[in-house]
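Accompanying notes for the structure given below.
Letters A, B, C and D mark the chains in the order given here, with residues in each chain numbered from 1 onward.
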């Protein structure tokens, strides 16, 4: 069977993630790597193959390009989604859709006009452990859900240059947890409260951002959601979800590169530090989301992570920012 | 050495807790059990000894009474604290001090006038595991504290009759977590946000109360505190504290009556359900707080859990109620 | 009710264990402490009360002595059991009964002639976790038992002076595991194989003893038993039992003085070192076995840990020594 | 780079394991599948490609065959090793080498005459967790090793037809643990004791075999090794190794397909049953051993798992059988 040729837009960190995974997928083929900075595109091509192009129109017109994967900086996502949709290409866009709600909603409208298969890269939905938890919760194993809690702590803060255009901690990072909490519970919050501190680097505070945050969501069913995020974590990338309901509790556990248990005069039953960061922890989820994109294209169906999901998570993350700034819980209405 | 004779005020559930523990303490002696309903007092005396009295003045004047332990319904605590203090007796009062901040503050004033040793029964501060965590945090083992999180879930809701005069979930239950979070961190919150749901019994909601609650406290250092409380928990009395800071994390674990690990065709590495409820889980802490009361009396020093601690926890719990009702984070000022 | 007056024979390490526990038991009273070295007996009396005596006949004739607890060096146990039985006193004897099988069997005969209530102090049978495991196994929860495994590792070797009269590692220490394995399974082995090494101190090897040992027992049902013992363990007193059968597995866990879980840059999910040694780990079991002795006396029944149990465990431990010396599995016949 | 063409001898269960893994390896290519029963070979070819051949000489002479992988029934291994070596092909042979020590030693001699790269498939040596444990032990992290313990329990017994030609439980299964214990400790035993029972199916006993076995090895350093094997395990494929030494302990843990932790009214902290059997548990190790074979060929070096390792493990397993039959520990001499 002919492989689906992918145009990879962007050649930065996320392109490094997707490049090898496109090649490893039996049905996908890295056809083109696009970057206005052609040298940068060429570097990815040198590693993973394909053809480097610096022109977007040429990229979309390339006969080997069947679909588009957008892994450019967040503030350019929308522009490329629109171009790809207009070119009629199935489009995969790294999260977030955009940092502006208005522009995210424009994107929804454009995709109604140019209805290509579109998938947003909330990769954590494709992690096997989180899938197992979601299925168990949605199957009713816990009965009525009371609490849904997400712990997400990164080993160290990103560079200030990254933070400056990140949209703030809630839009950059909490948005992952927000999407998961909605996806697992099957609900969108009616009330959002968030607060944050700057504890790791005063320079982050000077940007108006925080590095330590707690978010509370209230769901229509009465289920209460807690999210805690930290830009610094000494023992690795701490990722835990806890779902508590009338019949019991389900938890996902952390993952390590080494699984030995150590006992010595200072400690017992000890495990190794956690997997380093998101590339290591969510390696399988990045592969799985590419496969979902592939399956959706070949089955001519809508991929499971939609543009509406991206818009909704953004709306909630922006409400977090507003709540953090005002000290007031923000109400949300969903039609 | 002569034992310290205790007048136990009250003969309900908490009197059942303290009665046998007074007797088991080598330095304490149950001298009098007081209840205006003399029959009820007599029932405790029949079990644990002492003399049943229905008159408060006679109780405080009894020559065998050296100190007073108040285990009456919460809305009568203040009246008895005042009488005991005026009688010059070292006084131990079950939590909460009162449900009214004004009255709690009056109590502080009275105790300035009649400066007897006074101890408030925040028993969880005397749990060995929580003490170990508090010491580790305060020793600086974690560096700057980022998150302090408390999970406190009860097996089933109390009777509606109890709830009617309980002061609401935040004042009745969350106050324990609030006190611990302040005691462990050594800080009092500058901002309080709380929200709640009614998920177990609509009758609780009709009382204007909730049975499922999440509370966020922001400390002056920037440390963020999370508390989750549920009136229902299928697997027992779930009590966990997690402290996360720049250098690492510390957690307390749950306790069980049976400690076997079970493996069979449906599960592996499984443990038994948790200890049933607070009497079982905090059995040691009730003994330890009596011992702190005893030690403070014999060493003529202030017990470690003060009237101010009780007043402050109440002020925070009341702010939780206000926040829950208004959807706004409540600011707190501490002089 | 009148308390049962206990004559405590011996004033060494085990007397230090039993002295305070006799006093703490509501139905027992430390009446006499006996040691031919009267000064040593007096030291225990100074701590825990009673009357110091240096003469055995006077001890047994003392009007306050209702029962006898033998906590003398192992090689004197038998002499005192016989004297106590002849004096008609209910008798509790620390393990082992004796180091000679012939003498242990004489003891059985004497107790037939003077049938006083007799209890052997295999204290581990009275540990709550081990009781829970035994009950679960005997209830048939696991179906046919396939493996029964005991890990028992001490923090450091005893002094050579102790080892010289200990009867060897199998009789001194493995005997505890042997008794538990028989008690849990309800079987006595038909074949015994044991082997040992000397790894901690060559001086132990020069005594003809070992400090590292593995024992295999084959039970009549086909259940295979494994025991591993070490005189040295860097992380505390390691005590684990695993029972594996057709329907599943049951395990007991280790115990710690501090129960915090620690995460930092070098480790995750780590617990503290284990309880130091047997006094700390089996504290409750020593109290519980005294209570069994008390209950048996007041109920005029045979205590649950019999002289025959002591004789049988000794026979098996001696077979271990023989097997270790010859490299041959020793067959055992039980009538 | 040209891929190395593999002739896969055999088309049974193990061929099903290796077939897809050969194809998935970037440097290997399934060139020929050989089985005298050509239909059976064709079935594998239909699934994984290559060319089906029923003639051994034609197979070894096939121009696409660069190396040979022997996955035939155990009693034919030797014949094919010899033919492959004589044909000058790098040879990978599934364990065991043979069931006869004499024939295994003949094989060593033949490989001296025809010195092709030869690798024996003790796949568990290539499991990441076991590698980590081996490295830690060999680095001296534990100091002098005291105990090395292996638990290996299969979900259910193989068919009797398989058992009849398996060489017995010790040669068929314990041999894996034996090889690991030697490889981890870096020692070969000087004394072997083994015993077994038949508990799952009397028909296994009638074959003179057992389904429940315990093995003790004594190493020259004094380190004592324990192995327990069961043909039946209700909760999955139980695979645990524990290494205990003067400075501490290291353990490998079990693996599960689903990693959720479950709490409900009957259990807490519970995990799912274990991975089903060896194909699931050791999936990575089978890939890794193929890679070792590939690396050794391309680097023109001896693969890490040698014919001598296979001969030695067999000698120890045969000593287990002798010990089990005689009840005597068997001494082994290594030159």
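The rule we apply is simple: a residue touches a chain if its C-beta (ideal position, glycine included) is under 8 Å from a C-beta of that chain, and two chains touch if they have at least 3 such contacts.
What you are looking at is a predicted structure, and each value in this text was computed from that prediction instead of being measured.
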At the largest C-alpha centroid distance from chain A we find chain C
Whole-Å distance, C-alpha centre of chain B to that of chain C, is 42
Centre-to-centre distance between chain D and chain C (centres being mean Cα positions), rounded to whole Å: 42
Going through chain C residue by residue, note those that touch at least 2 other chains and give them in order. 234-235, 247-249, 262-265
Have a look at which chains touch which and call the overall pattern line, ring, star, complete or other. complete
Taking the complex as given, what residues does chain B use to touch chain C? 128-129, 132-133, 136, 247-253, 258-265
Note: in the complex, chain B contacts chain D through residues 234-236, 254, 256, 262-274
Using the touch definition from the top, list the residues of chain D that touch chain C in their complex. 144, 146-147, 149, 153, 191, 193, 195-200, 212-214, 216, 218, 222-224, 226, 228, 230, 232-235, 238, 244, 246-249, 327-329, 331
